[in-house]
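Paired with chain B in one complex and with chain C in the other, chain A is shared by the two complexes that follow.
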Partner chain A sequence: MESLMNWLQAQLADNSIFTLQTLSYYGDGLVTTVQLVFLSLIIGLVLAVPLAIGRGSKHAWIRLPIFFYCYVFRGTPLLVQLYLIYYGVVFVEGIQDTWLWVILEKPFVPALIAFTLNTGAYTTEIFRGAIKSTPKGEIEAARAYGMSRALMLRRIVLPSAFRRALPAYGNEVIFMLHASAIASVVTIMDLTGAARFVYARFYAPFDAFLFVAAIYLCLTFTIIYFFRHLEKRLLAHLKPASG
Partner chain B sequence: MKKHLAFTFLSAAIIAGTAHARDDGSVRIAIDVPYEPFVVRAPDGELEGFEIDLGNELCHRADLECTWVEQGWDGIIPGLLARKYDAIISSMGVTPERERQVLFSIPYYNTPSVWITRRDRDIDIDDRDSLEGLSVGVQRGTIRDDYVTQQYRDVLDIRRYSSSQEVANDLMTGRLDLSFEDYPLADETFDFTSDDSEFKQIGDSIKEPTSIFGKGAAIAFHKRDGELAEKFNEALREVYADGTFDELMHEYFDYDLSLPIAIEQ
Partner chain C sequence: MIDLHGYGPRLAEGALVTVELAVLSLILAIVLGLATASAKMSRNWLLHRLGTLYTTLIRGVPDLVLMMLLFFGGQIGVNMFTDWLYTQFDIDIFININEFVAGVVTIGLIFGAYMGETFRGAFLAVDNGQIEAGRAYGMSHWLVFRRIRFPQMMRHALPGLSNNWMVLLKTTALVSVIGLSDMVRVAAEASKATREPFTFMIIVAIVYLLIASVSEWGFARLQKRYDIGYGEAD
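Let's look at the complex of A and B:
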């Protein structure tokens, strides 16, 4: 570890912008970005599964609110949603005196809420489409076996829907990573926040943003690799049979 | 040979000419107009402002005949180097890059930075331990950002914004405990000096260390005009010593931008 630090220090000796100090900003930014994106994706996913099922409900009182939620969050820019939540919560009367303020005071949670609700809406739509396109034959077969609605959902509809939704969901994950770049407008020091700081500090926009672009590329590559691996495993039955 | 001789005469004439401008005690001073309240053009066409008054006072003390030359900021140093004028009194901050090109007088002012908080808050900025866990808003990449990052990163939660308006907003709603801002800018966005303002200043105004805040604004001269610079330095020390500087300053500003320490050195 120490020799690695020494090596790094030697590499950076002639560099006035990328010192250990600024690299640590990028490092902290990487951690924040990954935390923010990962958490919002997980919570958004948990939220989206029941919502996607409810979206196809017979009852209008279940279906319509979910439709409205998806419509609002897919119909407005994420930046606007972030502003509304970050600046909006302070207008709730007396919120500064409750325990909620302890978490809402810092910019992280408002951003997490905005990102979660946004990705939740998109993921709901992705799953709804996948559920809707379940082959009729599979459902009929399940019914013929006398499965209840819940059992059919659990054993037949959802597993096959998840598989079909996988490529589209992989895209959503990458979009979410890139969308998280706006977190720095509410003072979060994420990757883009670190780049903006280095830019403002050294007046070197090209270096600062080129470096951060490379980090985003690496992250995206990891996500692509992960989803490709997942698709290979889960969608193996769709591959043409090899002779 | 003849050509060479002509050239010598010509250069001699030019040197004599410039020397002449100095000998009769006339000095041309460049200034970038307007920069309120340092310099503005009054409705009657005359230049007025803090730096005009200060410059005239210095010339009076140094027994020099001064004329003001209006010059845009971009060409202000090239103009000095080309001898279009003899000095620049235009709120020019001393930087190493400029020091390579021009000769600076002792710095005569620097705008301070201030700690701002909400009027109903009670924070002691000098008691470092009590600051633990508080948040401070600064504009990203400014010298104020540098200062809090260098001096307070272990106790304060530093949040960086794009504008001072956003800082005011979050300070207002209680998201921030503190802000550290340039005095004139803070006066504009926080309006903290008026009695019915939501904000107030805490602690002293800050201009040190010069490694962060800069040495301040100084008069710039041509590198070879050491004698002229010395005359102005002398005059600056005088106006600081007898209180004339303070008098002029209070005419235009309700805060202290003097640099007594720099003057004494």
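Let's look at the complex of A and C:
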């Protein structure tokens, strides 16, 4: 490890901007970005499955609130949602006296809430479309076997809907990664935050932002590669038989 | 009604900036998208590569990073160019990149890449026989494009186009970060000054929803127009 550090130091010797110090900013930023994106995607996904099922409910009092939630969060910019939650959380009556304030005080949690609600709305729509396009024959077959609604959802509808939703969900993951750059606006030191810091410190926009753009590009390609791999495995039965 | 603490007029001006920005960058994006789609379909190896490189790079990097790169880096780049002009040719000019131009150029550049994909798919959906028929009538390439390809292509491109427009509209909120006084920035300032974030942010959200709903209606009408002659087929 020590020899690696020495080697890095030697490599960076005549470089005034990308010292070990600034590289560690980028490193911390990478960790923050990945945490933020990963957590919001996971929670959003958990949120989206019941919402997508409820969105197709027969009862208007279930269907309409979910429709309204999706409409509002997909129709307004993420930045506005982030501002609303980040500035708004302070004004919730009496929140500063509770234990919640300890975690809400830092910008990370408000940002996580905003991102989660945003991706939740998009993912709900994606799943909704996938569930809706379930072939009629599959449902009829399940009914003919005497499956209950819950069993049919669990065994037939959801597994095939998830697979059909995969390509669109991959796009949503990439979209979320890119949207997470907004976190830097509320003083979170994510990747973009690190780049803004380095830019302000050295007044070197090209070095600071091109470097971070390259990191984002690598992350994007990794996600694309991962989803392509998943699709190949999970959607193999939908491919044409020859080739 | 709602007490805006005198921020009402500035908020309205901000909304106007948002709309102007969105429309101008949409026009730039459509022009760039058509060019990219043509480049990607061209038989020229270099043009094809360039088009692919452009769409891949732009779609792999966050909008905010690109915007900052262009806004903060653009001025330095332009200054270097004008300095070079001065030392080489004794031409003394000063070009100032303002936030509005930087915003339009970045958003146009980003969505040009997305539009390129939309238009490419739409161009490929136009039956080749149509184009051959046009050529057989002795129409020039440009006339074939204007009279045959473009009107038929739009029918396939409109759903994607309207999707891109909705995303573009929301992306304009980012210019508030580089200092342009659009509606989001005014609302953020007002929230901090009056300590009433809910009032201002919810108004902004409603305006966005309104613009989105109006344009949805507009796109539905356009779709109807370009669907003429295809009936209810699809």
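Throughout what follows, the second predicted complex is superposed on the first by the 241 of 243 C-alpha atoms of A that agree within 3 Å, B and C clash if a C-alpha of one lies under 4 Å from a C-alpha of the other, contacts with A are read in each partner's own complex, and residues count from 1 in each chain.
Operating definition for what follows: a residue touches a chain if its C-beta (ideal position, glycine included) is under 8 Å from a C-beta of that chain, and two chains touch if they have at least 3 such contacts.
Given the structure is predicted, the values throughout are model-derived calculations rather than measurements.
> Give one of first, second, both or neither to describe whether A:Tyr87 is in contact with chain B, with chain C, with both, or with none.
both
> Using the superposition described at the top, determine whether chain B or chain C touches more residues of chain A.
Counted on chain A, the partner with more touching residues turns out to be C.
> Using the touch definition from the top, say if A:Phe227 reaches chain B (first), chain C (second), both or neither.
A:Phe227 contacts neither chain B nor chain C.
> Now for A:Ala179: first (chain B), second (chain C), both, or neither, which partner does it touch?
So A:Ala179 only meets chain C here.
> Applying the document's definition of touch, where does A:Met189 land relative to chain B and chain C: first, second, both, or neither?
A:Met189 contacts chain B only, not chain C.
> Look at A:Val212 in the shared chain and tell me whether it touches chain B only, chain C only, both, or neither; answer first, second, both or neither.
second
> Is A:Phe197 in contact with chain B, with chain C, with both, or with neither (first, second, both, neither)?
The answer is first: A:Phe197 touches chain B but not chain C.
> In the overlaid three-chain picture, which partner chain does A:Tyr69 touch, first (chain B) or second (chain C), both, or neither?
neither
> Which chain A residues contact chain B in one complex and chain C in the other?
After superposing on chain A, chain A residues 87, 185, 196, 199 contact both chain B and chain C.
> Would you mind writing out the residues of chain C in touch with chain A in their complex?
57, 59-66, 68-69, 72-73, 76, 166, 170-174, 176-177, 184, 187-188, 191-192, 195, 197-198, 201-202, 204-205, 208-209, 212
> Could you list, by residue number, the parts of chain B that touch chain A in their complex?
Listed in rising order, the residues are 137, 140-142, 145-146, 159-162, 169-170, 173-175.
> Across the complex, what residues on chain A touch chain B?
Interface residues on chain A, with respect to chain B: 87, 90, 96, 101, 105, 107, 185, 187, 189, 193, 196-197, 199-201.
> For a test of understanding, state which residues of chain A touch chain C in their complex under the given definition.
It comes out as residues 71-72, 75-81, 83-84, 87-88, 91, 177-182, 184-185, 192, 195-196, 199, 205-206, 209-210, 212-213, 216-217, 220-221.
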